[in-house]
Amino acid sequence: MELRVDQLAVARGGVTVLEGVSFALPAGRGLVLRGPNGIGKTTLLRTVAGLQPAAAGAVSAGAEAIAYAAHADGLKATLTVTENLAFWAAVYGTAAVEYALAQMNLLDLRDRQAANLSAGQKRRLGLARLLVTGRPIWVLDEPTVSLDTASVALFGDVVRGHMSRGGSVLIATHIDLGIEAEVLELGPYRARDGSQSSAFDAAFGGDFA
Amino acid sequence: MIALLVRDMRLAMRAGGGFGLGLAFFLLVAVLVPLGVGPNSALLAKIAPGILWVGALLACLLSLDRLFALDFEDGSLDLLVTAPIPLEGAVAIKALAHWLVTGLPLTLIAPVLGVLLNLPEAGYFWLVVSLALGTPALSVIGAFGAALTVGLKRGGLLLSLLVLPLYVPTLIFGAEVVKRGADGMATATPLALLAAITAGVAALLPFASAAAIRINLR
Amino acid sequence: MMPELGKYAGAVLGSYAASLGLIVALVAWSLWRSAKVRRTLAEVEARAAKAAALKAKAKKHG
Amino acid sequence: MSLWEYANPQKFMQLSRWVLPFVAAASVLCLVIGLAWGFFWTPDDYKQGSTVKIFYLHVPAAMMAINAWVMMLVTSLVWLIRRHHVSALAAKAAAPVGLTFTLIALATGALWGQPMWGTWWAWDPRLTSFLILALFYLGYIALWQAVDDPDTAADLTSVLCIVGSVFALLSRYAVNFWNQGLHQGASLSLDKKENVADVFWYPALVCIAGFVLLFISLVLLRTRTEIRSRRLGALLARERMG
């Protein structure tokens, strides 16, 4: 399944931050988004994932092909590792809990409450959720925050495995995951002079003497 | 869907506090009112239906601000919106879970508090019936208020201001059923209206709540 | 000229005073806010125009 | 030329700048004539005495309190369906006006009720309904205040306005059921004007016109302010981004 983004403009708080973003992400490939803080990586990823409407342009893959993971892991502190994963597996209608636990090296921690996990372990559990969704396109926002080197390597393996099975990955990150991926610099797509979205300018841009 | 219900129930049980707090509040209302209005049992019997309904309503309100806020803070609301279950369904399920951990226990404990307030004997049956029929509406309407205020700091107070006026019809018909039941009058009309409100809000409001959540997450 | 209001004078005069008071307060508040927003907007517009002119000038020379 | 063109803020600003002075002047004129006529040159009612003069404030305020909510409902729907910013801002502008009219109706009702029913406040269905309406207005205004992003606030308040309208109707019905009330029936409706003698009816009509025009001019003025404030917010956001 190919993810195609066409002339996309995204807005944060009513102000367009990126415009004219176009790329195609074929099955089995990866794309890394780069750019300084505040340029709108998170906004772009949320728009691609269907959490907010695009200011202009289109995202071709339906939201039902995309699994999204952000800074917050959506873990429930009072549930165990297995319970957390089993919930998402049930929501997505898959049975991949054991496989996901093994892949993210969580088998030893399976009966521990999420509240008693370290930050890195929580992050691994959050990423294990991607494996139980069974969705082909992963949209990841800074997935390696609070992971140590070994866990980053582990996660890199998981992403490579996903790509080798025909999945694709759109990822915003500052570090090298050791995966084969193209890089998209977002700098050139910064909206010109912090302009308002065009519809808003047409409405509120005039002379209100 | 069932997984969501099971998860929410499990969370409510393990968090401990939220489950008992509403009940304790309800109990406090039933204890404080007689202390405030005096021990005259005829007066208490007269106002018991209203006090019990207002107490149940406020107890319901207590835990509403956590209904979506917890999921919003830890990011699982984002994940639920992108999950393959319709958000309207998820909202309805979460309201159902809220009812199971607040409305249902309130309904079951209400007769005991009726004793404290000298509720006439004929009223107990109607108290349980009206709360069982009416409290689901309180949870569903409350879920709408929680959806409107999900991303806000200090949402709790605003939530009460938004939700309490919406509770007026449910409160009026619910308390009316008990009042008439206690007086030995026919209860069919207010009971039917109460059931109609519950059915109507359960069918329609989740759509508005889901829309509000989507707006708040953008 | 003043009509004989009889024993209800308090109620009638009170009603007129309360209503007109509320209306006048609302109108005054609306006018005050209108003037304030209008003034602030004019300031910010002037600042924005100045910044734009500076930018254009810099472009010409650079 | 379509009506929707005036939904564009610039078009609206141009038109309203021209219209507002006339509407405002007409409203002042109608209110002065209607209220003076009612206050000085109408006889007392044989039953209610001079309290009948409260009628000229109470009834128009009560009518406009409801009409303001209906107008907010319509503009909220227009915003949700057609995304015209002016529509959402007009709803925001109308809410405090509607609340003020509701408070006038409540205050004059209490002052009128004291000599007529012997009590300042009775849990009469109409009074109770207006009290609930005031709560709806308060919640709506509070939600506008609480949400930072203006488009999000417009969306959320529109949803609240629609749901609130349904519940306001339900409450009206419920309150009627709950207490049949002391209040006289609707004393003023266009097809039933025989309820009220002509001497009272004509000045009341002028007063109603005055309240309608007052509502329109206040909403125009406040919508103009809201539009300017939106533009101000946008300019400041642009400045911050450099």
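Per-chain numbering from 1; labels A, B, C and D assigned in written order.
One rule holds for everything that comes next: contacts are C-beta pairs under 8 Å (C-beta built on N, C-alpha and C of every residue); 3 or more make two chains touch, one makes a residue touch a chain.
This structure is a prediction, so every number in the text was calculated from the model and none was measured.
A count of C-beta contacts for the chain pairs C-D and A-B puts C-D on top.
Annotation: 19 Å between the Cα-based centres of subunit C and subunit D.
Averaged C-alpha coordinates give centres for subunit A and subunit B that are 37 Å from one another.
In whole angstrom, the spacing between the mean C-alpha positions of subunit B and subunit D is 32.
A separation of 47 Å divides the Cα centre of subunit A from that of subunit C.
Under the contact definition stated at the top, the residues of subunit D that touch 2 or more other chains are 228, 231, 238. Among the residues of subunit C, those touching two or more other chains are numbered 41.
Contact of a single residue of subunit B with at least two other chains is seen at positions 218. Taken pair by pair, the chains that touch are A-B, A-D, B-D, C-D. Note for the complex: subunit B touches subunit A at residues 2-4, 6-7, 10-11, 14-15, 71, 73-76, 78-85, 217-218. Within the complex formed with subunit D, the subunit B residues making contact are 144, 148-149, 152, 154-155, 158, 161-162, 164-166, 168-169, 172-173, 176, 190, 193, 197, 205, 208, 211-212, 215-216, 218. On the side of subunit C, the complex with subunit D involves touching residues 1, 3-9, 11-12, 14-16, 18-19, 22-23, 25-27, 30-31, 33-34, 37-38, 40-41, 44-45, 47-48, 51. For subunit A in complex with subunit B, the touching residues are 49-53, 63-64, 66-68, 70-76, 78-79, 83, 86-88, 90-93, 129.
On the side of subunit D, the complex with subunit B involves touching residues 132, 135-136, 138-139, 142-143, 146-147, 152, 155-156, 159-160, 162-164, 167, 170-171, 173-175, 177-178.
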